[in-house]
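Same chain, two partners: subunit A is paired with subunit B first, then with subunit C.
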Partner chain A sequence: MKTTLLVAGLAVAGALSAVPAQANETPKHGGTLTYLIPADAPPSFDGHREETYATVHATAPFYSVLIRVNPENPASPTDFVCDLCTAMPKPTDGGKTYTFKIRQGVKFADGSPLTAYDVAASWNEITFPPQGVLSARGTDYRDLIAKIEAPDANTVVFHLKFATAAFLPALADPFAYIYEKKILDDPTKGPHWYEKNILGSGPFVFSGYQIGQKITGDRNPNYYHKGLPYLDHIVGIFAPKQATRVDAIRSDRAAIEFRGLPPSARDQLKQELGNKITVQESPWNCGSDLFFNEKKKPFDDPRVRRALSLAINRWGGAPALSKIAIVKTVGGITFPGSPLAATKSELQQMAGFWPDINKSRAEARKLLKEAGAEGISFELLNRDVDQPYKYVGIWLVDQWSKIGLHVTQRILPTGPWFAAMRSGNFSVVHYPICHAVVNPLLDVQPYLPASAENMGGTPDAQEMDMYNKMLHETDPTKQHAEMVAFEKYVMDTKAHATQIIWWNRIVPYRSYVKGWKISPSHYINQDLSNIWLDQATVSQ
Partner chain B sequence: MYRYLVNRILLVFPTLFGAAALVFALMRLIPGDVCLVRLGSGGTSFSEQALQACHAELGIDRPWLVQFGQFLWGMLHFDFGISMWSGKPVVDEIASRFPISLEVALIATAIAVVLAIPLGTISALKQNTWIDLLVRTVSIAGIATPSFWIGIMAILIVLDLTQWIGGHPWMPPIDYVSLWKDPIRNLSIVALPALTVGYRYSAVSMRMTRSAMLEVLREDYIRTARAKGLLEKIIINRHALKNALLPVITVVGLEFAFLIGGLVVTEQVFNLNGIGRLMVLSVQNQDYTLTQALVMVVVTIAILANLVVDLLYAWLDPRIRLK
Partner chain C sequence: MTLAAPTPTGNAVVASGYAARRALGSVLSFFRRQPVGSIGVVLMLIVAFAGIFANVLAPYNPTANDFAAMTQPPSWAHWLGTDQLGRDLLSRILFGARTALVVGVTSAVVGGASGLVLGVGSAYFGGRIDLVLQRLLDIVMSFPLIIMALAVVSIFGTGVHNVIFAITIPLIPRCARVVRSSALAIREVPYIDAARALGYSHRRIILRHMVPNVVAPFLIMLTSFVGQAILAEAALSYLGLGVQEPVPAWGLMLQGGAEEYATTAPWIAIFPGLAIMLTVFGINLFGDALRDVLDPKLRDR
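After this line comes the complex of A and B, so read on.
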């Protein structure tokens, strides 16, 4: 009940911030939206192979997906709707089979009809990529899906290996673009063709790309969601430097940047432009995680790991940090907006989340003394990215000093940072992980002992058993209890890893941009079909 | 002169080979690789299988010697391969950015030369007067201030000024358009970066012109010219300035070569998608093929600029070519 209330509360809070005085406004057609993509350029256009928002922000408007997070309610972690399908199916075969009926009359930008064969071919390419084709999320899907087939031109069937609540959120992945089967099957083109070419059936039709400079699209006149999109044209400008993006919004060179800006940029734009700027904020499905190298002394001792977590004053630090960094919400390893997340009272039973920080730090000192690790010195491995990596890193160093530890930061660029983790050349690492659709059953996988992220982890059969049980559970109440137990085990009992503070997404934009609703992820709700421009309020 | 030229050109090849070996080794000595950055930089999780597939696809699981051999062989054929980050031909990646950097470099050089030579000369001629003091202050400020900071300040000043005057803040466009497609928009994009870079560039050249002129003006042949009763204008233009320009040409040549690949931060500040920004991106992404190609392009330009400087030297000073 408490969980339901918390989720409802977060959803309402998200919805309130997501609908800034738009209830009675009538959308207008036309205009060009110029938006900023905070990256240099996507490595490729292929959503199936890439992991970066640079690809999604540049190409999502040109593609359709099978199902998606409800664009009218993206703050909800459980509201999924059809994009290409006609109705969300009820699973059969004990929850192991999902049958989707596909819309008729949908066309790709080249005029070819889109059928269930295209949907099945795309999902087969994502899940079971042929030799030499990279699918970034293929392993996740292969763990769940046994077979995908299209028995006729209107039907796609997913056969799962077992019934699981993780499937539908995974299916709503924003990278899972539907490609043309004939291109995927063409030996002269194949899946690699989509790395450099864009051909979809989304709300916009690709019209041009200047490498690392901008990507443009025009309204798709044949779009199957009637009346959409509202915009005639879109222009996405790549602008990696934050100062440039803020100046561009200020001078109206661009109207919006969808990833998110820090509090200082929000405050600056609001101060300079007043009501010409609207701000939407949302808890962000990116956590600032802390992993310990359990293969290295003294971090092989759970008491030391617990002590490090106990020293961090999350409840006290979050409000202050949120004024300068893109972090805000205190939570466990499950996204705080999810029905599976621990409630505040459940969370406060776990190490590092106790309401009394003095008691918590006294316990930390006691544990360090017992483990013979009083006053130890170590390095916190961190990534050379300002927000929020370095802010959180500096704060952690200060927090640990409160229990007499001497910690310094080792800040490395992305490549060397990963290399240091993979080679085990670290003691403790600050490793924020972002997820797209809120899907806690898959999102907690980085904490498993064998995961690619948990590079200092050691085998733990009990943790794997707990995880597998939870993954196969279909009763939401039981699943919640199992997830809380899993969180307690990971962050407290064994203290393999812990969560510090969840990120906070802040999107300040020109007030004439309407219809866009913030979500807990910068990957989702990016097809721009429901955005419209209130030209009367355009200032130039 | 011909032998001098041949000797200079022959030196180009060992220099290029040395640069190739150095950049190849240095890139691979940096921990991590392009696949780790590509799969993990967005903050999402990835599997070991995905990483291995990426390594195999890009060929970075092969021995270094094989990779170096391929790099050299490709260079001999002017084929720099495919960018490991974007999958596009390296030549296309560079070609799309080169005009932007070249345009900024050319305009900045023109600004620098137009400002530096007259002001440096006047400063020397009016040594220790208020004019000299003003020129020296301006030039020292230019040397001391990083051009990216000047760039940031320039944008903020333009934004504030336009807001104050017209009520709406204005900044140069941030999406590049070529000079041939829309000259006005193009110039409004490159003018501010070229001015900020040109100012710093001119400050260095101005100091060099001034000190070279002061030295030359104390030479015996200038005294002789004055004793012969030549007009001061002729003494300055024909005898003093021509000789004083020798070190200035060196500075201008080297700075020009630097500008092609060195406008790293300035290009970021003005969102110019040039060679400098591409260089940073390729190093950050650990894109071996692109970084190698970019370094070779910049090295080649530096060598060519040096060659042109040497030839100008020989042309301006007969003693050099006669040696």
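After this line comes the complex of A and C, so read on.
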């Protein structure tokens, strides 16, 4: 527990150092915030169904959630506060039951009162979606939650299958919007209604959407957090091209883009606009991973997979790559710095993380020779996105050439890239995984053989046993040791997958935008309620 | 004194010497009469030389990352500078010439040759065959080259072979249409009737009597096709649908990093852009000059 508190404290300190001093500034009301959403359009407005920032950046301002990461301290992986509840509950029943009291007087944008029944219905729809309804995180929740009920209009109770520290971070999911029960239950509407419609109780009320162009909202006069939001209007502009977004901020057509821009854009804007630009940076809970298709030769051989990881000079490449791409930190499959993450010395015992790259590559060559896979040629499947996909892909090809492998890239747009993975049409894939709230116990699930995201994996009972033991462990020290053993098993012993490098979030924005604090995830702290503008005239 | 009759071998030597002198004379005449076209020839030769001998000429491995030399401006160590991954731009441009030539020449030759056969065949047979073929070619031609190439790449995927295929398809009807119009006139001349009357096969009449007479417009088209194909390859690569990183290709070098570093490291975009421009410029100059030489109407102007 001491370790947890220490890391949380460090995280808070880190966050504070990243944010410009705002303590003496008094928030001002009014104005319109124009921000950029780096996507064509969200696939749908339904947060329960989607897992992309395109949805959460466009729709989070219109919705409430049960609990959330503290917007004043979003860098902390352990600081959760109520949004719709009145107080963070103490678990009962040996840590298996959480009872939440719901705020009174909250209203949806259509005037209907929001009660515990709406909260329970929304969470039931997320956790136990009806037939034909997609829930992006339903599997994660079903592993933990046995039952959700609302005994009265003010109370919601979550019954867990077992006591676990993974529950509260999971509950603070920014996509877990609270919908109206009467709409969810309506046979003519149902959960699918929210895919094309927006109706929530958040700080802003939805006012318009032009497909692929912009989404707009107005201040919610009935918002339950006193004095919030500060802004009168918000305008989210969809701009998939990075050059367009940088130009928009440069010319003050937009004030901010929340996902993150590369170092070159930060330096350029800062150089050109000086103190009119403020920059916040944070380690990002997104990691570039490699997954191998174990159903395909020679990648069915752990020696080959291990060799591919051993060839990559992570310690040498990370500092250089961080100058040109949105990557920075070397780490295992758990978010670096989180309580369960391997320390540097623990990490350096694992394949691909050895401090001596020459020794590592000699071992790689030896393994390839033993496996009869010297000088093999294969394709690296990659996504047609510059940052950081292509940069990391080009670097990987170069790294593998140093052990005599001939690697080409097959770069596909997002849809075909997913399709190629799902159909098993790949040998090795560069597949970055992003998470919302830092929650290592759930965040490592994509590496499990049964995970929908591990598309080249084969059954591994030992790995599942290790994971389940770790998930049920309540002692943080033992849990850390189990996580490190799990990481070693996944990335070294069996080399089912490996982590290459963790991302680094850089958000340069107009200095008149105040109140927003960066977090390790571009999904969280996006309801924009605490943002205010420090100038009379704001970007239109 | 008797004079020995010339041996067949001797005749051949004399004949080949004469042919060589005649060819050289034609080349010199071309350079004298077409100074602008000569510039085009020189540019094309430079690109061809760069592409063929890239592995000898390139000072560095074109795909090797060098993090100690990221975004370096032109210097003695890196004559054209380096890109954001520290890759030597000169080496990438030299190897990029190979990609451009392979894609450009292959697409132009295959597309042109297919168009030649279809165009002459269509004109020679006429009737329903001509009608059907021309309508099919109309359909293909109704799409602009780059749109058609995009569609083909979208269906078959990226990579050098698919890019060549994607660019070849839209070139076929363009060649066939021009060749057919010349072949229609040739079909009506008496020696074709005579060849028919002598019972020559269709293949012989087409290949030996008609094709040689449409070679002039065909060659002019071929040169323009090479330029178009190089541009199309660059466009597809720029859009991320052509060859893929880290393969050196000029269009690809203009994508991504070049946009990102346009103001801070402009050489990343300038040099591959110049390479594309000069190559296509050279090919077009040569094509224009070739037309002037081969077209009897323009020859004496």
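Assume the second predicted complex is superposed on the first by the 518 of 540 C-alpha atoms of A that agree within 3 Å, B and C clash if a C-alpha of one lies under 4 Å from a C-alpha of the other, contacts with A are read in each partner's own complex, and residues count from 1 in each chain.
The definition used in the following text is that a residue touches a chain if its C-beta (ideal position, glycine included) is under 8 Å from a C-beta of that chain, and two chains touch if they have at least 3 such contacts.
Remember, predicted model here, so these are calculated numbers, not experimental data.
Engineer: Examine A:332 and indicate which partner it touches, taking first as subunit B and second as subunit C; both and neither are also allowed.
Structural biologist: Once the two structures are laid over each other on A, A:332 reaches no partner at all.
Engineer: Could you say whether A:195 touches subunit B, subunit C, both of them, or neither, answering first, second, both or neither?
Structural biologist: first
Engineer: In this superposed model, does subunit C or subunit B come into contact with more residues of subunit A?
Structural biologist: Higher number of touched subunit A residues: B.
Engineer: Now for A:210: first (subunit B), second (subunit C), both, or neither, which partner does it touch?
Structural biologist: Once the two structures are laid over each other on A, A:210 reaches subunit B alone.
Engineer: For A:242, decide between first (touching subunit B), second (touching subunit C), both and neither.
Structural biologist: Only subunit C is touched by A:242; subunit B is not.
Engineer: Return first, second, both or neither, reflecting whether A:52 touches subunit B, subunit C, both chains, or no partner chain.
Structural biologist: first
Engineer: Check subunit A for residues that touch subunit B in one structure and subunit C in the other, and list them.
Structural biologist: Residues 243, 412-413, which sit in both footprints.
Engineer: Which subunit B residues qualify as touching subunit A in the complex?
Structural biologist: Touch list, subunit B to subunit A: 30-34, 36-51, 53-54, 57, 85-88, 92-93, 96-97, 152, 155-156, 159, 162-163, 168-171, 173-176, 268-271, 273, 277-278, 281, 284-286.
Engineer: Which of the residues in subunit A come into contact with subunit C in the complex?
Structural biologist: 242-243, 262, 264-265, 267-268, 316-317, 320-321, 323-324, 384, 386, 390-391, 393-395, 397-398, 401, 408-413
Engineer: Which subunit C residues qualify as touching subunit A in the complex?
Structural biologist: 63-65, 67, 70, 84-85, 157-159, 240, 244-247, 256-257, 259-261, 263-264
Engineer: In the complex, go through subunit A and note every residue touching subunit B.
Structural biologist: Interface residues on the subunit A side: 40-41, 43-44, 50-54, 132, 134-136, 138-139, 195-196, 210-214, 235, 237-241, 243-244, 247-248, 250-254, 272, 286, 412-420, 422-423, 432-436, 445-446, 451-453, 539-540.
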